[in-house]
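A, B and C label the chains in the order they appear, each numbered from 1.
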Amino acid sequence: MYEALQVHKRPRVAIFELASCAGCQLQILNLEDELVDVLGLVEFVYFKEAMSNSSDEYDLALIEGSVTRESDAEKCRTVRERATLVGTLGSCAYPVGIPGLKNHGDVEAAAGIVYGEKADLFASHPVLPVDAVIDVDFRVLGCPIDKKDFLETLTALLLGRKPPSPTYPVCVECRIAENSCAFDRGETCLGPFTRAGCGALCPSYGGRCYGCRGPADDPNVLSMQALLEEHGLTPEQIAADFALYNGYERGA
Amino acid sequence: MTVVNIQADTKLHLESPFLPAPAEIVRKDRLNDTETLYQLRLADGTELGQLPGQFVEVSVFGIGEAPFSVSSSPTRGDAFELCIRRVGDVTSALERLALGEHIGIRGPLGRGFPLEQMRGRNVLIIAGGLGIVPLRSLITNILDEREDFSNVTILYGCKTPKELLFRDELNRWQAREDIDFRITTDIAEPGWKGNVGPVTTLFRRLAVDPRNTVPVMVGPPVMFKHVVKQVLACGIPEDRIILSLERRMKCGIGECGHCQINGIYVCQDGPVFTYAELKRLEEAML
Amino acid sequence: MVDRVMTKSALAESLEQLAATLHVAAPVEEGGRVMFRRVRYAAELANHYLPTMLPPTKYARPPHEELLRFSWAEGPRVEPVFEAEEIVIFGVRPCDMHAFDLLDQIFSEENSDGHYQARREALTLIGMECLEPCDEHSFCRSMGSLEATGGFDLLLSEMGDGYYVRVGTAKGRALIGTFQDAREAVYEDRKRLRKTCLRRESQFEHRLEDTYDELPRVLADSEDSLLWDVLGEKCLSCGACTNVCPTCFCFDVHDDVNLDLKSGRRRRHWDSCQLEEFAMVGTGESFRQPRNLRVKHRFNHKGRYLMERYGVPGCVGCGRCARDCLVGISPIEVFNQLKGQPVER
């Protein structure tokens, strides 16, 4: 599947934006040292944060953001049909990210808060990750995405290789970084649950992990919950902690 | 950082066990939907020098490295063959390479079949599925030196007739009078006239002399369980039952730990073992 | 090689002189954690000792290490990369010196792994004897690694306001030659050292009910112990234990490609038997998937397999894995429970 781009000399790339802050697109533009090389490898045909023209013909599609209304889902389906490979950018698209917070309150009330009296004009449904609507071939994770991750994904696809994505949790990278453990400081952290690949970025700057990259391949959820409870969180607090980024229930 | 160029230091002779030798793809034969037979020649003109049952690490630079057992016999000249199923990045990338292009080879690695101990004896070879790939090396070697061995029996089982590999050779083996070659498939397909059932069903009409027979088997874990039971029932001692295991031999030199089963490194201590060596190892899955 | 005696202030001065031109690494305290870092001044050194978060073996076996550089622009070209920085590590504790010994055996003696050898050769180890136990997690005495039996270039033992310095290698002798005010040890010094060592013996208790040479048998008898299931339910499979372990050496290998898509490098990265993907083969089948089996494998590797293979314990009793385990899995408890109450299925 990942060899699909091999037939193209310089594959055409389109980047689509759903409910998100567009920060992941900006991360691509932040690739100041590499952008020229990237342009030699691919041709951007749609990239709203960077250029004004657009095209319906593309080989590789990247979707940023979550699905919050039917037109988003429709957009995803069209993209899936037109593109050879479809990937997602950032936490809003997977696991569901900040937009997913809406799912934990009253969805209609949320529309009222955002759109005020005109709320009726905007059809809005519970927030979904992109892969709940269409098949996704790969994901670039993080809030926002990591620049190096993006480049590695791109080069892997251009060589016909599966994009690298760690299967293990953030703790692996956090220990290597010799960070002090949030649990040792009397705080809590979602590092043991969350997929690595960020280089334990937040803990490396004195923070903790909020789970923006979604679950690792086989997190021990029961033991994780027990650990958080042991560190003073109530079941409601634990649920809220997971809901910040992981507010979409899979396999439900 | 202050990088010290250690190579300039003459008292320390450094070698990288990870450095592959370039090898040219000289032939590519598609065997069926997923398997391709590659014929390769080391760029420096030397022979690979493998023993049947040994493996090599294959590099496609930029994609990665993966282990494959050598499928050709050392009796057959300076080129060697790998039969590779397309399952992942390295194997897919290999398929895209053209004749004349180069890949990297490390090896031969690991412990091969105990060919010397088999000379003068009856040999009973049991192949299941892809197990035929390393065994083809052994079979070809034995047939090329046929007079060194007593009775040679080969049992080969596959899921479906479609999955049978090396068909031309199978026909030649079948035609030979000096070996007993039998094929079976788990599921019959229209036109299949051969035996149907697991490879153990081929034992039914087989006379095995327990005093003088060396059984050699390669196949999936489930096959080992049944076939080992079968040959033990024939009265063959545990330390004469030979089998080869598949694990993730990443470094090939007993460092990286991926192929470890209990305390044993498959890449170094194996991949060929006797049943006696493995039977107490839970992770051998026998 | 004649032993030496130095005052603490003389040593501090010599270290600073060394650090002015060389990479000197030493235990430094940061936010309650101790870790090996590059230091320039003696005042940066940690006041009290807890085993460092990552062991000093990280300098011989870094988490990410380049093995090869390659390009296929004009036919394939590949060359090995041997890079090493000259580093003097100050304050290597005996447990970690034993770990260096084991890694040397695996990467230098069993294999000629030039990548490891280059880095290892560039290291100078200044050991520091332990006079009192670091905390409740260590069990070095039970693992036979309380005493530094080798592996050091220099070995320091604290005696009052000074150090007794033993010289282990020619490299150590050359180094001590550059230290000022290091006088030759005399009979009285050796007598004092002996006393100090005797006192130390009584400070360290045997925390394991077995000595390390009995562990292989205990573990072999515990294959079916229910303890593995109990630990499997607790274990987060976060890989902390193996990453902080001084004797863990497993790795994975990956290719990184440059943006020209025609060149790149092959690197190895620390890997862990506690992670699900570790024992997976190409076809996706895993040979050690259940968590309890992964935990069991780790303890067997540490207490049994390495012992059987190399004749030395695979665990040096530093206690790092227990200290960093979020769910409190401790080798002291595990080994003692296996010994004490063999739980049969």
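The definition used in the following text is that a contact is a pair of C-beta atoms (placed from the backbone, for glycine too) under 8 Å apart; a residue touches a chain by one contact, two chains touch by 3 or more.
Treat the numbers as computed from the prediction; the structure is a model and nothing was measured.
Chemist: For chain A, which other chain has the most distant CA centre?
Modeler: It is B whose centre lies farthest from that of chain A.
Chemist: Which two chains have the most contacts between them?
Modeler: B-C
Chemist: If you average the C-alpha positions per chain, which one ends up nearest the average over all of them?
Modeler: Of all chains shown, the one whose C-alpha centroid lies nearest the global centroid is C.
Chemist: Based only on mean CA positions, could you tell me how far chain A sits from chain B in angstrom?
Modeler: Chain A and chain B have C-alpha centres separated by 42 Å.
Chemist: Please compute the C-alpha centroid of chain B, do the same for chain C, then give the distance between them in whole Å.
Modeler: Their C-alpha centroids are separated by 38 Å.
Chemist: For chain A, what residues touch not just one other chain but two or more?
Modeler: 159
Chemist: Can you list every residue of chain C that touches 2 or more other chains, as numbers and ranges?
Modeler: In chain C, the residues touching two or more other chains are 254, 257, 261.
Chemist: Could you say which residues in chain B touch two or more other chains, in rising order?
Modeler: 62-64, 88 - these are the residues of chain B that touch more than one other chain.
Chemist: Inside the complex, what are the residues of chain B that reach chain A?
Modeler: 62-64, 88-89, 92-93, 96
Chemist: Quick one: in the complex, what on chain A touches chain B?
Modeler: 2-3, 6, 159-162
Chemist: In the complex formed with chain C, which residues of chain A make contact?
Modeler: Chain A residues touching chain C: 34, 37-38, 40-41, 151-152, 155-156, 158-159, 164, 167-169, 171-172, 175-176, 178, 180-181, 183-185, 191-192, 217-220, 222-224, 226-227.
Chemist: In their complex, what parts of chain C are in touch with chain A?
Modeler: Its residues touching chain A are 30-33, 35, 53-54, 63, 233-240, 243-244, 254, 256-261, 270, 272, 275-277, 291, 324, 326-327.
Chemist: For chain B, which residues count as touching chain C in their complex?
Modeler: 1-7, 9, 12, 14-20, 22, 59, 61-66, 87-88, 91, 102-104, 246-248, 250-251, 253-258, 260-263, 282-283, 285
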